[in-house]
Every structure is written in structure tokens, then in C-alpha cells.
Amino acid sequence: MSSVSEPHPDRETGARADAATGSAVSSSGEAGRQANSTNSDSGRGSGRDLLHSDRTFDFSGPMQVWQGFGQDFKELTRRDRQFNFMIRAKDLELDVSHGPILYLEGLNVSFDGFKAINELNLYVNAGELRCVIGPNGAGKTTMMDIITGKTRPDSGSAFFGQKIDLLRLTEPEIAEVGIGRKFQKPTVFEHHSVFENLELAMAADKRVFPTLLARLTGKERDRIDEVLGIIGLQEQAQREASVLSHGQKQWLEIGMLLMQDPHLLLVDEPVAGMTHQEMERTAELLTSLAGKHTVVVVEHDMDFVRSIAKRVTVLHQGSVLAEGSMDEVQNDPRVIEVYLGE
Amino acid sequence: MGLLQPLKGDTGGKIMLAVLALIAVLVPILNLLVPEGNPLHVSTFTVTLLGKYLTYALLAVAVDLVWGYLGILSLGHGAFFALGGYAMGMYLMRQIGDRGVYGDPLLPDFMVFLDWQQLPWFWQGFDQFWYAALMILLVPGLLAFVFGWLAFRSRVTGVYLSIITQALTYALMLAFFRNEMGFGGNNGLTDFKDLLGFDLQSDGTRIGLFLASALALALGYWACRWIVTSKLGRVAVAVRDAESRVRFIGYRVDRVKLAIWTFSAVLAGVAGALYVPQVGIINPGEFSPLNSIELVVWVAIGGRATLYGAVIGAVLVNYGKTVFTGAFPEAWLFVLGGLFVLVTVFLPAGIAGLLKTLRRRRSEPTALKEKSA
Amino acid sequence: MSPMSRFVFGGSDPALAMALGFLLLLMTATGAADNQSTDPASSPTAEFSASPATETAVASDAAPQSEPEPGPESASEPAPAPATASKPGSESDLTAAFDERVSQLTDNSFKVKEAAAQAIAETGDARAIPLLKALLSGDLYYRKDDDRIVYVAPAGSSGWALTDALSGEALGEVGRRDVRKITVNNRMRSALRTSIAALTLASPDPALRLRAAREMVGSDDPAVISAVRTQLAAEDDQQVTEVLTLVVAIADLKQPDIDSRLAAIEVLHGNLYPQARNALNGLLETEQDPGVLAATKAALDAIDRKRQLNSSIETLFFGLSLGSVLVLAAIGLAITFGVMGVINMAHGELIMIGAYTTYLVQQAMPGLTDWSLLVAVPAAFLVSGAFGVAIERTVIRFLYGRPLETLLATFGISLILQQLVRTTISAQNVVVQNPSWMSGSLQLNPGLALTYNRLYILLFALIVFALLLLVLKRTALGLQVRAVSQNRAMARAMGVRSARVDALTFGLGAGIAGVAGVALSQLTNVGPNMGQAYIIDSFMVVVFGGVGNLWGTLVAGMTLGVANKLMEPWAGAVLAKILVLVFIILFIQKRPRGLFPQRGRAAAD
Amino acid sequence: MISIPSFKPLLLSAGIALGLTASLSGLAEDAAPTADQADDETIKVGVLHSLSGTMAISETTLKDTVLMLIEEQNEKGGVLGKQLEAVVVDPASDWPLFAEKARGLIEQEKVAAVFGCWTSVSRKSVLPVFEELNGLLFYPVQYEGEESSKNVFYTGAAPNQQAIPAVDYLKDELGVERWVLAGTDYVYPRTTNKILEAYLKQNGVAEEDIMINYTPFGHSDWQSIVADIKKFGSEGKKTAVVSTINGDANVPFYKELGNQGISAEDIPVIAFSVGEEELSGIDTGPLVGHLAAWNYFMSVPTDENDAFIETWHGFIDDPKRVTNDPMEAHKIGFDLWVQAVEKAGTTDTDAVENAIVGLTTSNLSGGTAKMLPNHHITKPVLIGEIQDDGQFAIVYQTEEEVPGDAWSDYLEGSKDLIGDWTDPINCGNYNIKTKKCLGSEQAATE
């Protein structure tokens, strides 16, 4: 809808095409991202160039836009072009050859005046388990919102692997490229059984008609049962999710996360409202996931963090205050000051 | 077996379909074979009445699909119903041919006395049934698609969505009232003669239309069940309950909505098309926002999110209307209004809900078994 | 459920009783009023209280009962002494002629009557003015048995007291069917006005003279013109002089000599009286002299420029007044729907109840139409408010958190209320009179007049809006309302009695709907369906403005009103409305939360 | 075929099915003690007027009128020695419902005749039903013409019994030269205005002196339109408005007229749909002198009329209620029907149809109404000026009754058509040029 009013260069199919075919011109999309990010609800759902071939052009100025347009035109007239709606997010291969799976650079977000995220730079390596801590309002959740496409930053960039520009994807697309999220407040589908909740979350072709025709294969059933085992809800499999306890809902949501089988898991306060042993099991689970997956955990509970964390990032007032092993961080005077300061 | 898959665990639906089947068998017999005067005789009046109810029921099912399972309260479904009706009406008008009062072979009467010289472009082709049939599906579908495409992409939800659907049907009503539009203005389309060569006034045709309505309802119901029992149906309910969450697990909510919404509109269109030849008139009044609201009421009374409930609601309310307007013409609005209030306050789950709880209370275990099946 | 329901009725009883009680009271009052109040044939002069100011004036000094013998002071011409039993010969001939003419008024043919009236006017007899005025206002009758021309005054319940129109002697009482009204038709009426004008042109009362002068604008009757010239010479009143000069100027356009034509054109330059424009246009056809032609064209251009300006001002005003109606209709909904999240389909009917209250109030205080509205506004607020509270207590309270269900319940309620009115009052529309101060229009210039009722309603809408804002922002109730609407549980925790607040809020919204009903009763029909005419538009306005935001409602209403009126000239009434609706649909795509988004219970989906 | 566990439901459903059909077919019989034997002691008369919805405002009065007439007749000993029994239903201003109710009345209730309908669309909606089931409808409202059905008797005015004489009056008596044709956008105003436009042009009125304007139903904001009329009327020539504005929209229209200071002397408005009933909802002070054309006014000074008003007030028990033209139409229609039944000696439709043509009864304005072969009646045309007491002062009346024209002579499509339901022609749209009936074959073969 918004494309009607603000014709972003990156909406031009040509621009998509050039990205899609991996040509060197990125600027149009880039500029589009800048402009686009100013209003948070704009242009969701509309396809954009999903690939970003060469990151050196990244902060190219508006000048590039016009070249972009020129390029667009050429692209439109190319015979071997491939339109963006032809490639789907899941077809994008994730390139982590340089190590990091998540690049957040120079991110800024402010909600009417208040700076929630302030020049945030954060890199997460593939397969690591990262804990993010910080006092309330440090911007932990907002950061996750940016990564999952819920909130658009005013400026900065967020890349998944080297090529996938998250700021140009919608929530579903981000989910498809392999980022799963568990919310702070557990949100499961109350009127569905536990089983169905997992089924819905399961990695699959999630377009409308495939979904309409989808039938559970044996393999998928096994997978669901397996996850049911992991989260220990076999007995409740057929109960409506609404009847679960808070802790169980937490588990269910983690289960849904597993079903998505994402490359990157964003886990927001997983152990809130859990008993002690539930907490331990969560800790085991998360650590076991690390390696095959990349896990980013946001948590207040220091004991829990200590029990799982190899590397800890401390956010404060929207930017990274300190980073390192739990011990390093805990002895960091600034961190102490911040936490005592409260 | 596979055909019955969608009806699994839907006792209400089965009963409803069984009733439908029985009526579909009984009524023609009682109407055609049992002689008049015999207490068992079902008059043609009753047949058309039943036929009308069935088309309403189909419409209600269409509404329940989007409201009950997708959480979209459409206050404009009457528009799709009416559009389907108009498409059929235009075909029937063309069938009149030179039997109109002015005996014009091409132009319908209302065009003759507004001295239109030739048939407007959008009336072309409606002399062919296949074309009309196509339009019955296409016109409501297309409108719904465009409207939904806009609304769902820009994430219009809740009352905002409801109100703009209302605006849609309201605008259409005003437009169709204009005589310049070429749809007969306030008088609409009427005085139909025959359909596919069958005289609309013969009992046989009426029975035929009645059976067609019954079949349409059965198929429509089955199709809706098929959708809601599919994974897509579960996604829809998920959207209803937690829209944004669905996005985060990778479904394109706007497209899910669009698909189901459009299908529902097409169903409504079909209902309208079957409605028109049975009541013998289509006029802009059908677009009136109040009609659309009323049909939401049917669904609510029958029981939201239980498709068979919609059927019950539609039939009961309209049956009530028929009885009350005849029995106590002065006071029937009190009764109807009171009914609406009482049901919403005391039966939040509608009649279907009531039945369910009764069944539950009688046999808890079976209920559980059904669920786990 | 059952203990709860007991609560309901316990809680609701007083509210209901109050509502119904008030209504009943009003109705009984009406019943009482009916017995002695207007019936179809009663004296028309009584009705005039409700007619526009101009009419009233004519009527009041036409009412013969008040001044059966107009003394010389009222008709200040060289008029002969009032007719008496014995009078000098010459005069008696005159009177004879006069009486003879008068007797012709009983004739059936309007042509004859018109001639007679003309003649009567020309006799210049002192009795002419009251007679003609009575004729004009339909107070002149004749007795069936002896065709005697009489004034009538209601006497007793059925009878009428007669006064001979000629001698002024009382003829005692008779039944209604014994006399017959002397009817006049349009053509006669305008003729009469001019003649009366001619007679009153010299009246000492400047107001009368002004009206007289206005009547003569555009007249080309030489007699009239000469009369005007003489009067103009003597005239001292500013306004009257202006009009008279205009009359003369228009006449002078036909003068043979160029200079006087030019002078006349000079006078008419940019004059907004349509007659002036027509006269000039006429001149364009006939005129030969280029100089005069040029002047005429210039004068006409000046006029048209002014007319342009006028019509754009007019359009704006129309837009705003339509907007104010929309705002009035919607503002109550902005509370019940916007703030409380109740999709209140009965809103229209609450408006209707307000309008009916106005009607009942007017019935209860016959003859005091001018004051009735001042009583009606609070009354309507109370009655509709009471209904609102009753509805909230008995139905809505069970439906919080189920906004969509409120739609269904209130829809049912709306049906009930409609039928209630049909059965208790009547299925027909009822008459709501316009107080004189709300009739007629404010003449800004001869080409531009703003109707009073629209003006007042525009004003009224703004006042209501301001008051409402005040209530919500400044009062404790307002605070609690906003608290509950934002977070019911929290508000409860802080000791807000949410049940009470809900009832009051809904009552407030309903009451305002009632007040809107009072205003609407002045513009359109008051009938059982009037509510349905506004409900849809109201929702459009609230949603367009942004649910839960009063300012949004105001801006939205006004915008839609003006937009509608701007489009109407070229699109026509229907298309304009359709376009507005389409615009709303598209706008919501762009701003899915309306003009001024705000988080309210309804906004949260 | 339905999976086994739900067998009980099957029985249940059978029950429901039977119940539903039974109750539906039994519907009518419940409403009235079994049709057949009812025929023996009473004759049923259907009343098909909206008692709720938008049209209730006008139609409830007509329902009461019919009830009054029936009561009167029964006091006189009924018809054919049987008492009349009214069957009242509420089609609720819902056009499809009109058709449904009509079918119910004829098929289930077996009524001998139906008195009902107001709007054109309701008539159009029931027309096929009456023709199919061969019922009798008496339609009491002035309408657009262009119709003549075997089964319908049009006791209201056809355009030539209202519009044309009214325009003549304005032309000749008031010297009107410019015309505003303002109407609600539906078939009656459209047709009437087309006829008038043609008629005016024939009388040498120039294109630019005619302004035509259509507004939607219940239009409530007349500011701009009235302003336009005012401008149109201030161009020097005497201007009049011919209003075919429908019911509800009139109140705001007249209020706006009054407030914008358009008096009857400046720009008279002559209305075809505004009668006493409508005026009773308006404060008529500002409207004095505006006109209406009808075939009856409450103020008609005849003894029949006084008697009628008296009975009406007695029946409705409210001395303030007015009478109006459609009420008279129903009275005439009812009288003619009663006569026809007595003459035919039966209530059988065809017999009554044959009997009724040519019958006469006295109307309330001192003349006689005759049922013509085209199922329309003869009516006097009256023109009245609104008085401040909501009544009309009659300022013009045609010397003798005008016969109703089913087909207008001023419309291309219909100027050669006539309706004649007597042998040998016996059809509704007989073309006097081609000498045969057009269209609907049931008319031709009848």
C-alpha cells in the first residue's frame, strides 16, 4: 500500500532483479532501505531484493540511487532476468564463511524521542551461544524486534550471514531464512492443541496452497513426537494450549522454535516463571542446541546465564557496554557501576 | 472415506447434512406426489421458502468461515451476495427476450423506458448461461480479492476492517440505486420468465432450484469444512488468535487471509445467484448495510466458528421472521430484537454452543475421544 | 449466570424506572395538551408563532382581533376618517364602491377576487390594509347564509366569534361550518403583497417601509415607481433609501436618455439583487449605445465576481454545516464506541429518542415553541442518557471484552426501540416545530444568506464538543473514564468503581446522542427510522477520525462534510457520497488506525 | 455412508427434518383455521402493507383504512352474505418479502383479493406472483404507469391524472416559464419527469429553462440543491419546482426551502407525493402557498367526504388523524370490488375481473369513479395550496373526471400501446398500430 505514496527505488522490480541475479549494484536497494526505515510499518509483504551481493558498497549515498535506476532499466530489459517473486526467501543460501552469522552495525531506533537503540554494533558467530544481559530498558527486546523485522531501525544495518539483509525482509521471510524467536511473554495458539502448535511451527512450505494441501508425513509425525519428548509435553499433546501452565507454555514455545529448525534462535527470557529444575532442563536444552544452531539468549536471571553462557554481551542504554566471558563481564567496573547504579 | 475426512468429529455437521438430505428427498415427494389438500402436502410456497432459507444458510456459512475461523468480522458480505444475485438477475433479464412489456428483443424494459439505445457493454454476454455462471463466481471474487489485497497488505484489522467492509457495501448500494448505472435502479431486476428454458413459475423448476440450493449448501459446507480441517484452517485460527505470532513462524498472514476471504465471497455470490430466481427480484436493498449486519447476527445466534451453527442460525432466524411477520405483524420486531439480545447475553456460543455443552454433559468421554481421533 | 442476572435487575431497576417514568410523564403531559391544543381547523394565526419572522410580522399586525379598527396612525395616508354609520356623500360613494368590491371577494374565481383586491387597494379606504392583510393571511371568511365578509376569532371549543369586516360590528358566535374561508392563491398573494406594500410604503414604521420597498424591487408599474420616487424624496431611513434608489434605478434603465441610463447602471454596479442583474442582462439585449453597453458589461462583471465569492463562501458554509451534523451524530458514538469499545448499533435510536423527546416537550408546552428547545436539550440528554444507562446495566455489562457481540445485542436493541416508538407514539413522522429564532436566514448581503438553523446547529455542535472535552479532561468522571478505558483491571485495583463508571460513560454517550437528536429534529423528519439514517455515517466518521479520539471525530466530521459539499456541484449528491466512502476505504489503507490513531479498548484488536 | 458412531444423530436429524417441513407447511393453517372450511363462513381479504421499515410511515395508515372498510362492510352484512375477514401481514418494507407474503396470502390463506403495496418496486416484486397464481391486487398509490396487468387494479393516479394537469395549471394560472423537475432517483419520478419534459418541450419550453435533479432516497441535506434552485429561479422568468421527491426526503427539503426564504410567491413547488399525511410531519407555517396535485384532498367540501372523515376518526379514535389520496383510492377500490363480487355472485378471480370493468362508484369529491378496461379508474384532478393548518386549499379542479392512461402518449416506447382487458383484445399492452399484444405471452393467451 505504502508503495503507492513513496516509490522506493528498491520497490522497482529491476532493483530486485539486479539483486536477485547477484549483480554488483546494491545501492538502489541500500538507499531504499534508508528511506524505508523511516516509517516502521511501510512496505511489509512487498518483495524486495533479498540478496546483497557486495557489502563494500553498503553506505553509498543517494547518488547511487540514480545509477540504480539506470541499472534497473537495463535489468528490466534483460532476457535472462529472474524476478524476485520467483525466488523465495528459503532458497537463499546462508553464507557464514567469514564466521559471524549475525551482523548488527550502527543501529539506531528511537520511539518518539527516547533512544531505545543507540549506535548498536553486535556480531554473533555461527554456532555460538550468546547471552545478552542488561538492565530494563537496555534495548534487549528492541534489538530482537529489529532482527525479526518487527521494528525497523532509523539507521544502521542488520545482516544475516554475509548476504541476507534482514532490513529488507518481512517477518515471515525472516522466519523462512532461518531465524526463530521465542517471545518474552509466551505466545502460543491457545485454541490449538500442543500437537497442532508444533505442527504449525514446523519447517515446511508455508505458502497458502501447499499449506492447504499439506498432510502430515510419518517423518514429520516422528519429528513432532521427538520434540514433544524434548519439551516433555507428550501427555499434553492433545490438550488445548490454553490449559497449559506458564512454564509449560514456555516449553511449548521453545518446542515451536525447535520445529522451525532455524539457524539462529532468539530466546527472550526463556526461564521466567520456571521452577528450578525446569530451569536446569532449559539450560541443558539450550547448550545442547548450540553448535548445530546459533543461540542468542536474553535473560535477567544471572544464575541461569552463568550456567549456560560462554560469551556474554551487556547492553546499556541501547548500545553494547561490555562483552566477554561471564567473569570478565562481571568484573568490568562499568558493568558493576551500571548494575549497582540501579 | 476421503470425502468424509472433513466431517470427522463434526457431529453437528453430519446431523445438519443428514437433515438436508432428508428434506431434499422428502420435500419434492410431498410437493409433487402428495395431492393438494392432503395434510402431508408441502405447498410450492413452502418449497420456495425452504429454498430461500438454504441460500441464506450458504451465505451464513460463508460469513462464519471468515468471522469464525479467520477473525474477520465482515459487515459487507451482503455485497458479494447481491453481486452474485445481480449476475444471475442479468442472465434472467436477458432470457425474457421480447416477452417484456415493450416487446423489445434486446433491451430489458427499464432500459426501454429510460430510452437507452443499445445494451451497455457490461450486459453483453449475459444471454449465455455459462458466461453468467462465470460472472457469478468472478465478480464477487474479484471485488473481494482487490479489496482484501489492499486491506490485508496494509494490515487493516478489527473494527476498522469491519467498518470499511460496511463502507464498501454502502457505496455499492448507493451506486446501484442510481438509474444511470444500468441495473434498474431502485426497482432492480424482476419479472423473470425462465431459467435455462425452464419456466420459473412451474413447480418442477422450483423444486429444481430448491434441490440446487440444497446441493450448493452441502458442497459449500463440505468445502468450508475441508478448509478449516486442513492445515491452512489451523493457520487461519492461529491468525485469528495471535496474528503477529503467525508471521514469526513464517506464514504470510495477508495471503492466508486473502485466499479464504476471496473464497468466502465467491460462496456468498453463489448463494445470491440461487436466491434471486427463487424470490423473483434483486434490488439494491440487498446491499443495505443493515442486511449484512443481520446476517452476522444469524451466525452469532447459530454459534460462531461452528459452520453448522451458521446454518442453524440462518434457518431459525428467517423461519422466525416468516412466522412472526405473519402471526403478529405489529410486534414481531420486539420478538426478533429480544431474541438477538438474549442469545448474545446468555448464549455467547450460540445455539451450537448450547447443543455442544448439552452433548458434553451427557457423554464426556466420547467427546474426548472425538477430539483425540 | 443466575446470581449475576439477579444482580442485573436489582441494579438496573431504578435506571429503567427513571427512563420510562420520564417518558411516561412527558407523554401524559402531551395527552393533556392535546385536548385544548391545535386541531386542523383552529385559528391559523395561532400557528404563526412558528413561522419565519417576516410572516410573523405580517400576521401580527394582520390579526384583526387585536386591532379591528386601524386608527389613522397605522395607515398614515391622506386617508378619510374611518367608516362610520353617518358619513358625507362623496365618501359614502367611495365606501359604497369599497363595500361592493369587498363583496366580490366571495366569488369563486381567483381572477375576480384578484381584480377586487386590486380595486380595494386603489380605493385607499382606511379599512383596506387590515382587510387585505387578513385576506393575505387567510383570516378573512364569509358567512355561508348571507355572504357577509367577516373576521373570525376562535370562541369556545367548536364555535367562532365573527366580526363584520366592513362595519366592525360583532356578529356573535357561529359553528365552524357556517363560515367559509376566502381562499387566495399564489398569484393573488403576491399581488396582495405589492398592494399592501404600496399602501404601507409611507408607513411611519421603517421596518414596514423596508419590507414594502423590498417588495417593489424590480417592479415596472409606473404608479408604483412614481410612489417610490415621492417616498424617496421624503425618506430618511438609510436602508430604505438604498432599496428605493435601487427600485428607481432598475426602472430608469428603460429611460430614453443615455445619461440617466448610465446613472442607473452606476447605481446597479455590483449590486447583488437578482432583479438588478436580470434588468442589466435585459439591457444587454436591447441597448444600442456602446458606452452604455460597456458600462452594463462592467456592472455585470462586478456582480458576477461578487456572486462567485458568495457561492464559494456558501459552499464552505454548507460543508461545515453538513460536517457539524455528522459530528453531532457521531460524537456520542465516539464515547460509547471510541472510548468504551461498544459497537453501539442502537446509537441511531438514541438520537431518535432525543428527537422524540423534543417533540414531546413541544407538545407539553404548546405556544412556547421558542423556548421549547432550551427545555428539550437537557430533557433529551436525561431521557436518552437514562435509556443508555438502562441498556448498559441490563445488556452491555455482560459483554465487555466481546466488542463484536455488543454489535449484535445493540442491533437487537435498536429494533426494539424502533418498534417501541411505533407502538407507543405512532408509526408516522411527528411535527417538531422550529422556533422563530431558528427559522429564516441571516442576510449577509442581498446575494448571500446563511440559514439560522444551520448556523445555530454548527455553533451547537462546537459547544457540545467543547463541553464533552471539558468533562473528559477536567472532571473526576472524565479521569475515571479514561482510566477504565485504558486498563480496566488496573483502574479497578486503584479503587475506581468500574461498573459505575461504565454505566455513566455509556449514559454520557447516549445522552449526547439524545442532544444530537434535538438538533437533528430541526433539520429533518422525526420518525421511527430516523436513527438508521445516521448510524452508518456516524461509524464512518468515528473510524475515519480514529477510534477513541474526540478531536479525530471533530476533524473527520468536518472534513467529510466539506469534501462532500465540494464534490456535490459537479458529481451530484449520490456520486459525491460514493466518492467520500471510497476515499474513506482508501484512506484506511494508508492509516489503518484512522486520522488520529489512539490506543483505546476498541483500537486494540 | 455417514460413519457409524453417529447413528442417534441420524434419527434426530430425521426428526428435525420432518418437524421443519411439517411446521412450515402447517404455517398458514396455524395462522388461520384451516383454509377450506374458513371459506364457508368468511371471505378473506389480504392486507399487504409494510408495518415496519422505511415505508411503515405511509403504509400503516392504509392498513388501518382497509380494516375500517372491512369493518364497515361487515356491519352492512358483509359480501354475498358472508363476513369479510382481514388477513394482515407485514412485508417490512423488504421487497422480496413482499413477493413471499403475496404468495402466502394467495396460496396459503386463499384470500379473495389483496389490498396493498405502495412503492413501485413492491408492486413490481409481487406482480409475477399475482399473475402466476391469478390473484387480485388493488394498488392505491399514484404511480409511473407503463403497466397494465390482468390481475392488478390501479386505483391511484396514472401520470396523466396528476402531472400533466398540474403543469398546465402552473403554466396558465401562474404564468410559469422555467421548470425545475426535482425527484427522488427511482422509477416513478424518472418516468414522470420524462413525460413532463417531453410535454413541456412540445409546449415550446426551451432546453435551458428546464432543470432536472435527482436525489437518493431519504436525502436529508438539501442546502446546495435548494441554493441551486434559488439561483435558477432568480434569472427573471417565473420559475416553479415540480417535485416528485419521495416521502421522507420532503421534510428536510421543505424546511430548507423555508429557511432559505423561498416563498410560494417566488418559486412555487408543486408536489405529487406530498399529501396530508406527509404534511402532518412538517411544520407547514413556512410552506403556505406551495402546491400539490392529487385526486382527493381532505378539505374537499362534500358530504361523502365529511362522512368518510368522521368514520375514519371514529375508527382510529384520534380526531387529529388526517385522510389522504391513497386512502380514498383504497375506498374506491374496495367499493368496486364489493360491487363486482356481488355482481359476479362469487369471489372467483376471473369472474370478478370480468364483472368489475365498467362498474362505477362515487368518489369522495362528488364525482364518480369508473373502472376502465385497462384496470385504471377515472379520477378528477385537484390542485391544492398548502395552508398553515396542514390542509390544502383547493385552487383548481378539472370539470369532469380524467380517465387513467396505462401507457403514456409522451413516451416513445409506449405511445402506441393501450391496455384493454375486455374481449376481444384482452391484454395489457396492445399495440394499436400493429394490432397485437407485445411481450408477456400469458397476457396474450389469456
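Structural remarks
By written order: A, B, C and D. Residues from 1 in each chain.
Note that contacts are C-beta pairs under 8 Å (C-beta built on N, C-alpha and C of every residue); 3 or more make two chains touch, one makes a residue touch a chain.
The structure displayed is predicted, hence computed values, not measured ones.
Fewest steps needed to get from subunit A to subunit D, stepping only to touching chains, is 2. In this structure, the chain pairs B-C and A-B differ in their number of contacting C-beta pairs, and the larger number is found at B-C. Annotation: 43 Å between the Cα-based centres of subunit A and subunit B.
Centre-to-centre, using mean CA coordinates, subunit B is 33 Å away from subunit D. Averaging C-alpha coordinates per chain places the centre of subunit A 65 Å away from that of subunit C. In subunit C, the positions touching at least two other chains are 418-419, 574, 577, 589-590. Across the assembly, subunit A contributes residues 1-2 that each touch 2 or more other chains.
Residues of subunit B in contact with at least two other chains: 150, 154-155, 174, 177-178, 330, 333. Put simply, subunit A touches subunit B in their complex at residues 1-2, 41, 44-46, 148, 150, 170-172, 175-176, 180-181, 183, 187-192, 196, 199-201, 206-209, 211-214, 238, 256, 260.
Residues 1, 337, 343, 345, 395, 398-399, 402-405, 407-409, 411-416, 418-420, 423, 532, 536, 539-540, 543, 547, 574-575, 577-578, 581-582, 584-586, 588-590, 592-594, 602-603, 605 of subunit C are the ones touching subunit B in the complex.
On the subunit C side of its complex with subunit D, the touching residues are 34, 38-42, 44, 47-48, 50-52, 54-55, 110, 138, 181, 183, 185-187, 189-190, 193, 274-275, 277-278, 281-282, 311, 314-315, 318, 321-322, 325, 418-419, 422, 427-434, 439-441, 449, 451-454, 522-529, 533, 565, 568-569, 572-574, 577.
Subunit B makes touch with subunit A in their complex at residues 150, 153-155, 227, 230-232, 234-235, 237-238, 241-242, 244-256, 259, 371-372.
By the touch rule above, subunit D contacts subunit C in their complex via residues 51-54, 56-57, 60-61, 173-175, 185, 214-216, 218-221, 223-225, 227, 234-236, 248, 250-252, 255-256, 258-261, 264-265, 268, 277-278, 280-286, 288-289, 291, 298, 319-320, 322, 385, 387-391, 393-395.
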